[in-house]
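See the structures that follow.
Here come two complexes built around subunit A, the first alongside subunit B, the second alongside subunit C.
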Partner chain A sequence: MEALMQPVINGILLGGLYAVIALGLTTMFGIVKLVNLAHGDLMILSSYLSLALVTYLGINPFVSLIFVVPIMFVVGFALQKYLLNRVLGKEMEPPLLVAFGVSIILQNLLLLVFTPDAKGIMTVISVKTIQLGNIHLPVLYLADFVIGCLVIFFLRLFYNKSFLGRAIRAASDDVGAARLMGIDTSNIFAIAMGIAMITAAIAGVLVGMTFTFYPHTGPQYLIISFGVIIIGGLGSMRGAFVGGIILAEAQLLGAHFTGPGYQLLIGYAVLLIILAIRPQGLFGQAH
Partner chain B sequence: MIREPFKYRWLVLGALFILLATLPVWGSDYMLLLGLLFCLYAALSQMWNLLTGYSGLLSLGQQAFIGFGGYTMAVTTSYYNINIWLSILAGGVTSVLLALFMSLFIFRMSGIFFAIGTWIFAEILMLWFSNWEYVKYGTGLFVKPPNPPSMTMIYYAALTMGVAALATVYLILRSKIGLGLMAMRDNEAVSSSMGVEIFRSKLFCFLVAAFITGTTAGVLYVFQIFIQPYKAFAIDWTVSLVFIVIIGGIGTIEGPIVGSLIFVLLSQYLSEYGHISLLLLGIIAIIIILVAPKGIMGTLQEKTGFELLSPRRLFSEEPG
Partner chain C sequence: MSSAPILKIDQIDVFYGDFHALWDVSLTISKGDIVSIIGANGAGKSTLMYTIAGQHVPANGTIEFMGDRIDGMGPHLSVGKGIALVPEGRRVFPRLTVYDNLIIGAYTPRARANIDENIKKIHDLFPILAERGNQRSITLSGGEQQMLAIGRALMSEPELLLCDEISLGLAPVVIKSIYKQLEVISQEGLTIVLVEQDVKRSLRFADYAYVMLEGKIALQGKAVELGEDQVKKAYFGM
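Moving on, here comes the complex of A and B:
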């Protein structure tokens, strides 16, 4: 029983990180009905940006967020405004394929600039743990979890309370009516994407500190995000949090019982079973 | 009443077929290689087009069948000394079984969930095969058939797959199922109430696509001699198929043919630039979606009414 406590607690902490990774994808899904297949690659782009800043300026990774967050906001804004908005329509494929193209471009761009070698952002807290009885709490995982909860809290606050957040949701509910009310929907969607990329930037820096990454790791995190969204339900932030924890638990407990080689496999298998039983996700509404 | 373009379309297709069929006689080894890749990509992309362009099933998991078919071929021929052509067919059969199993899960989902479901299946297979001792984990397998076929034989097998894929899509689209599929693609609710059996038609296309994709993968890996999970089950396959069909024209029969030709030539030409080649392919794909969302053949059809192979029956058309 005690041996189980370690993976269970790590799973909860890791789940917080998974939730932030998926947050940008799920909000864009909910608002623009857009499936951003480049989400994972944009997140890894943030990891590399942070790595470059840490390496050349010698600053702390958390400080690098001051630069990475605005850069990613602009990247997201431009991507939506000049590329994705132009193909949004009743057909699902064109925006999906444009995002796919962006994903391929980003991966190969990262490969050119940063080489295929494994990279990681080293910090003083990388190897520190807190001892609680027989359980070792990795400080980094704890930081991932706390920051993850904060990001979800503030994003919910933004979308529920602020004028801009409510304008974005209004535009998502009824584009025509929002336009009549004087809301420029194309800018609104671009801002929403910029905000999604802010969460991706934070997720990217956290992932960069927690795991090693390669130019091709993006799709792996995209699938994790999909898993979180599928379990938690479409466009639901609270669902993303629960989904993250369930997915991380499935992976870590799977690894605990069957060996690390099967960690990802068991996570995916749990995902498929949930999908087969409840195609709309645990928290999603049937449509 | 037979329209004028009728003659041209068989002329163009016949010329293309004769050109390809006689390629081993007059072409160099390099041209034979290009012809082989062209036929294989045409077959694979024809199947992706059947699913996405005609059946409304956006699949991001074609690599599941490529890897599964390829591995079935490699295992049966290298471990059990089974005739190479039978092994390739076995790859098609196991792919159909895999598709049946997958359908239990993914046919409950629609739209983007279906797409992600297929992709997750391919990822599961990749992880499973790279952890499986029987297929030598991630290090991969060499294909050692009892009687290794010559390059010309492999080429003709690839040509057979290309022609078979084209004929299959053509026949499906002109059958009752095909008409139902196109009605369903345009309006699922209405066509369903008019008596189109959506589920069975979609499942039928999914299984057919699995069979041809799995068999084509067998031919591909006989040519490549070596199969490895991280390559065989990689999303890169579907990326290439998407690129081919988008450039050629999604939802047209000629699109995959034109797209494959451009893709094979372009990737050969760009291969000396390494990673930049993929980067350029991505940029080209985005530009085409923005400028001509219907691809080369789709735009051509719209502008000139030119079609090589019409999925419509001629007698039901108004005389043009």
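Moving on, here comes the complex of A and C:
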């Protein structure tokens, strides 16, 4: 039993990171009904931006968020306003294809600028652990979890209590009626994407500190995001948090019992089981 | 027509693709009046309302509101000018609470300054909205949703309130209560344009009425002077 505690705790902590990775994808689906296939690549772009700032300015990766977050907000806003908004509302395929195109362009740009070598953002907490009896808490995982929780908390607060957050939710409910209220939905969707990219920026910096990354790592995190939001329910932030923990637990416990080779397989087997029992996800609404 | 025109529509034509929905429509609405637009399904009433609200761009003609051209402005800008539309089917934001729906009604900068005061006014007008404040609007009954849709529109502090088929699908007692409150609002000087299929109610409630047939104004006049038979003939194109 004691041997189980370590993967269980690591799973919870990793789940917080998975949740913040998936947050931007799930909120954009919930608000704009857009499946942003470039989500993982935009997140990895943030990892590279942070790496460049850490390398050239010598700053702490957490401090790099001061620059990466506004940059990614602008990237998200511009992407939605000038590209994705133009293909929204017609069919399901055009936004998918445009996002897929953005994904390919980003991967190749990163390859061109940063080379295909594996990178990682090293910090003083990268290898630190806190010992609690027989359990080792990796400080970085703990930071991932705490920051993930904070991001979800503040995002929920923003969407539920602020004027802008309410306007975004209203536009998500009924675009036509929102326009009748004086809401410029084109701008609102762009702001929503900007906010989704803020979460992607935070996730990107955390992922960069926690794992190694390459220009082509984005789709790997896109698949994790899909796993998280399918388990938790499309468009639900609470679902992203619970889904993140379930997926991470399934992977780490799977690795514990069957070996690291089966880690991913077990994770997605659990996803399939949940999908079979509750197709709309744990916190999703059935249509 | 009692005072200066607040809305002047001059010879507008509106198309849906190749379909000619409004033909050379002209009308003038005076400040403080209640104007009824009567017509059968497909007569162009809702198209006219959405065109005034900025959703449709007329191919020809002009729309002036309080002296400014507003045709083709876009609904997100016309509401800032003082035009609020209560859409057919209510279209409240289902996942938002009643309170949040009202807050969103005050999205424009001109309305944001007086949110608390206006919410209180709406609660006085429709007390049920205060009781249901924290409920998701999807949980409200049809009548309550209609009250919310009207309250939400009033939150924008409009000069002109456009009501599209507000009695549709509601019980007579609820309709009566909503119309009673509209009268209260009207007495405060708000101009109201009402789209209705119920000829009797429309004529009883309005100062002036227009009857539409196949996208054209078929008949107009002071509500008290228009006979019900005369209106029904224009309504059916007889």
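Some observations on this one:
What we mean here is this: the second predicted complex is superposed on the first by the 286 of 287 C-alpha atoms of A that agree within 3 Å, B and C clash if a C-alpha of one lies under 4 Å from a C-alpha of the other, contacts with A are read in each partner's own complex, and residues count from 1 in each chain.
Criterion: contacts are C-beta pairs under 8 Å (C-beta built on N, C-alpha and C of every residue); 3 or more make two chains touch, one makes a residue touch a chain.
Fair warning: this is a prediction, and the values are worked out from it, not measured in the lab.
Of the two partner chains, subunit B is the only one that A:Leu275 touches; subunit C does not reach it.
Of the two partner chains placed by superposition, only subunit B is touched by A:Arg86; subunit C is not. In the superposition on chain A, contact of A:Leu180 is made with subunit C only, not with subunit B.
In the superposed model, A:Pro70 lies in contact with neither subunit B nor subunit C. Once the two complexes are laid over each other on the shared chain, residue contacts for A:Leu112 go to subunit B alone; subunit C is not touched. Applying the stated contact rule after C-alpha superposition, one finds that A:Arg169 touches subunit C and leaves subunit B untouched. When both complexes are overlaid on chain A, the residue A:Val102 reaches subunit B alone and has no touch with subunit C. Against subunit A, in their complex, subunit B makes its touches with residues 52, 58, 104-106, 108-113, 115-117, 119-121, 123-124, 127-128, 130-131, 235, 239, 242, 246, 250, 275-276, 278-279, 281-283, 285-286, 289-290, 293.
Touching subunit B in their complex are the following residues of subunit A: 35, 83, 86-87, 92-94, 96-98, 100-105, 107-109, 111-112, 219, 223, 226-227, 230, 261-262, 264-265, 268-269, 271-272, 275-276, 279.
Note for the complex: subunit C touches subunit A at residues 53, 55, 74-77, 79-80, 84-85, 87, 91-96, 100-101, 103-105, 107-108, 112, 152, 156. Put simply, subunit A touches subunit C in their complex at residues 163, 166-167, 169-170, 172-174, 176-185.
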